[in-house]
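In the two complexes that follow, chain A is the common piece, with chain B as its partner first and chain C second.
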Partner chain A sequence: MLEITSLIVIFLNTLIYTVILALISVGLNMVLGVLKILNLSHGVLLAIGAYLSVTFVRSFLSFGLPIYTTYIALGLAGIIAGIFMGFTVEPIILRRIYERVEIQQLLATFALMLILEDVIKLIWGPQSLVIAEPYLYLGNLNIGGISYPLYYVFLMVVGYFILLITYIFLNTTKIGRIIRSTAFDREISLALGVDVKRVYTYAFTIGATLTTLGGSLIAPTLSLQPGFSSEYIVLSFAVVVVGGLGDIKGAFIASLVMALARTITVMVFPELELAIIFIIMLLVLQLRPEGLFKGGR
Partner chain B sequence: MVLLDIVNVDVYIGNVHILRKISFNIEKGEVLGLIGPNGAGKTTTLKTIIGLLPLRAGKIVFEGEDISRLPARNRVGKGITYSPEDRRLIADLTVEENILLPCWVSGSMTKSMIEKNLEIVYKIFPEIKEFKDRKAKLISGGQQKMVSIARALVLMPKLVLLDEPSEGLAPIVANRLLRSIEAMKLLGITTIIAESNLRYVKQIADKIVRIERGEIKEVVKNA
Partner chain C sequence: MVKTAYKCLIIYACLLLFGFFATRHLQYLLSLSLLYSLVAIGLVILIGYGGLVSFGQGAFYAIGAYSVGLLLKYYGFQNAEILLVLGVLITTLISFLIGLLAARTRKLAFAMITVAFSMIIYTLLVKFYHITGGTDGLRIPAVKLFGILPVRGRDLFMSMSNEYFIIITIFTIILYITEHVINSPLSYALRAVKDAELKAVSLGISPTRVYILAFTYAGFLAGIAGTLYAFLNAHIDPLIAFWTTSGEFVFITILGGITSIYGVFLASILYLFLKTYLIVYTAYYWQFVIGFVILLLILLAPKGLSGIIFKVYIGRKVFRKS
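Presenting the complex of A and B:
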């Protein structure tokens, strides 16, 4: 039987994995829901957030700033990367392919993914990069004799806070409601006077920023190598399928379901860690293709 | 004084020629009934006026200005609004949020202006107040129709385009809607009503334009 400490660790791991998946897949689903485009390059945004964090954290430290300021560096890197990508990729590339057939959109965003991957190599090089300072600075938490990195708790708190802010923004602010209206019905939004082009840019920027912030938050926990984000993007596509295409709330709940399934599988059959996620995805595609959390077929 | 002038307008959807050199105009403060059977081009005409469909030839003149190439949002800014046939409310927003959406989009309305306009809308449709906090997806079809028209009115536009307002409504609700359109007329709002039900339109319209297969067949004053 599992001990209480193991259960706490499972619980924490699930919450952490959920928040990482949710930051990526809520962003991906927001872009899909509003812009109606499946952006295959979305995962690279995670990498851009993470790599820019390396630059920012190292710069802060090289200026002699105390280590605790590196948390500000992580946040700044995530936000700046998201805003920059949002205000460049959407108007310059995506806006030109909205009216194209889906296969052309997929090919264009796939090409964009490969280009951005190479740009990352060009700027940060092919070697592994590590920024462990923010991770090590917080030390460990003792849970019933098990040492648990406190940075993960920080990541979890900040990540859920970002998701909560996003939820409040979309549900209580005027611009949030206008974004939701545009996602729900583009034509009627146009007829109500919505500047749909601008809404697309905002929605893409918010979706991108959620993901780049996800990248900056996980950066101190990883050894960054080109292509490291591929695993996350594949997982987030699975989450989007399970939660329902374009359904932001569904993406969050699906992230929780997938994270829980993965964490339990790691404890019982670690070899099936990734397989379990795609087994769930295949089951959902077969039995409920509209997603677990959308209305009936 | 002519408010809107449609001049020799041709509209295609894909390669299909839908509107064929249609021309008619509407005077300020008038109610115009655009009548014709299903598929005659009524909805296409309204969508072209609001800017959801591009015209290939001809022009649309509003208050003396050619608005043919203006995007929909600029036409809304000039005072043209639209209530579609199928209501198209935003299901997850409340009724009042749906009505307020155009005010939020306009960005130039003060809080007091919004409150004043909302009050006028609730005077025209007092029953909406009773379910204003419910999600739009949870109200009946007739209620949704009223909300859709209320949403088109909240900016106090110069011209309102109503697509099949009586369709699917119980006679008592349809008659209630006529009284609301009369109230709009008293406020000086010019209205185009696209309807397949001639008898319904005759009760309220000043002018009737008959459209068939994308062509204007008749323009008559309604006695």
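Presenting the complex of A and C:
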């Protein structure tokens, strides 16, 4: 029943879904690992990246620039959204709640999510938005009779490239090492002369930028509606839990596992498509309740 | 205990009096806030006394509502009291089973298990649309309670609507029971486990068992609220199982000051009326205002609404429960 072409499609779908999940949850996990806050508003960053890229792509096109420049617009939108959110949200709001009990942190970021979602509606309006130009421009790839949108391949390549750069950045550069050491032990880093406040801002900005870039990459494939991001945030919770809190490599591997489970379930039992992710999450929480949290909180 | 009974009777009398004169819309809003406060009272026991944050109460609310909907649609039960009892039983059973899984975990892991569970319920409700109606939801026809009283309508005294009467009666009974639960050994064991788990264990308390009981009770309350919601609203959709609904419940609990059941009662009324009128006046931007209020409350008044009220008007003496 399974031919080679459908195997290739499964393989591609898995890799693409992995990169989307990984971009969100690596960002979320970075914030969780360094700032020790589970940021419920992280999903909105995805939406902000997506919506800003709508604006950028449209204005690029209205200036009469050729369609291939819209890919630059997507990247620019993601980076600008991430940096802007990073340097406003962390110093203004998150910094005030580090010392609070967990539940107040959760609620504060929940409030932030509500606020940001309505800010999106305020700026871009409540109707759904579509930018299909970058998606349609690349056309389709023909895999043994099945036509596959080439944009997904583009998304995959760029996404993995971003993840790779992040990995190299965290492991080889000085700032990356400082961020990791702060995540590992805040007090010791403070004692060694690390400006922890600034590291928090940087870590949040990097995490936010990864997610906004993810948002701008998936924007052309979706019809954007207010609130579409609250589904992605719970998906990334699942990934973060399965991969281990604060563990960035774990988040990537977990994204792969989740994506594989999802694509297989879509083929076998489509009704359980999303439920399977949360079932895995529940099982992992049951079977390794403490082990997963090692190194995190 | 007599004092508790008087307190509940006074509240019941006030609610009845309100029902005689208020418009049907106001009665609907108040009924809905009573249902929200039922869920939030369960969370008071879980969060306030047990220290466990559940982001999955929306799932139990939805299970209660959907058991009514599905039993009506597929098995043709026409008696509201049977539907109510079955809905609550199913929800309590499921919350007991989830409690078995969740009670071993604490803090963030516990919150995550409840999120996972509520998202499983949500996705199942959405994806099995040939059974559950998917995102369109289910319509609930007006069935009769004890064969005489329709669950929706205006057959009662003055402007009192049936659904409002049923809901305030059940709410008052639950309030009375919950007062007893809060003064029971279970609640003291729960507080002991929250404050010092190891010490509680050495005194012979089993934290897992206590947490399972508390979780089941919270699920039981959410189940009652859910089944009544199905009767009240005539239409149910899967969004009530989404994690943001559970977030609303947690917010109401914290707004009410996490340890006070009368605090969450006031908080849910305030929250729902605020939300409804914000939707009326600002259309799309009610979340902005609510989020802004939550943020300000957290940054400026970490003890919640009852914390402010008691600090400002009544003083410390009355506020001894926390």
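For the reader, a short list of remarks on this structure follows.
Operating definition for what follows: the second predicted complex is superposed on the first by the 289 of 297 C-alpha atoms of A that agree within 3 Å, B and C clash if a C-alpha of one lies under 4 Å from a C-alpha of the other, contacts with A are read in each partner's own complex, and residues count from 1 in each chain.
Here is the rule we use: a residue touches a chain if its C-beta (ideal position, glycine included) is under 8 Å from a C-beta of that chain, and two chains touch if they have at least 3 such contacts.
The structure displayed is predicted, hence computed values, not measured ones.
Looking at the shared chain after the overlay, A:Ile123 reaches neither chain B nor chain C. By the document's definition of touching, neither partner reaches A:Leu136: not chain B, not chain C.
After overlaying the two complexes on the shared chain, residue contacts for A:Arg180 are found with chain B alone; chain C is out of touch. Contact with neither chain B nor chain C is seen for A:Ile72 once the two complexes are overlaid on the shared chain. Of the two partner chains, chain B is the only one touched by A:Leu192; chain C is not. Residue by residue along chain A, chain B and chain C are tallied for touches, and C comes out ahead. Shared-chain residue A:Ile146: touches no atom of chain B or chain C.
Contact with neither chain B nor chain C is seen for A:Ile168 once the two complexes are overlaid on the shared chain. When the two complexes are overlaid on their common chain A, residue A:Arg100 makes contact with chain C while staying clear of chain B. Residues of chain A touching chain B in their complex: 174, 177-178, 180-181, 184-185, 187-188, 190-195. Chain contact summary for the complex, chain C toward chain A: residues 47, 53, 101, 104-105, 107-109, 111-113, 115-117, 119-120, 123-124, 127-128, 242-244, 247, 250-251, 254, 284-288, 290-295, 298-299, 302.
Of all the residues in chain B, the ones that touch chain A in their complex are 50-52, 71-73, 76-77, 81-82, 84, 88, 90-93, 97, 101-102, 104-106, 151. Taken in their complex, chain A has these residues touching chain C: 38, 40, 93, 96-97, 100, 102-104, 106-108, 110-115, 117-119, 121-122, 126, 226, 230, 234, 237-238, 241, 245, 270-275, 278-279, 281-282, 285-286, 289, 292-293, 297.
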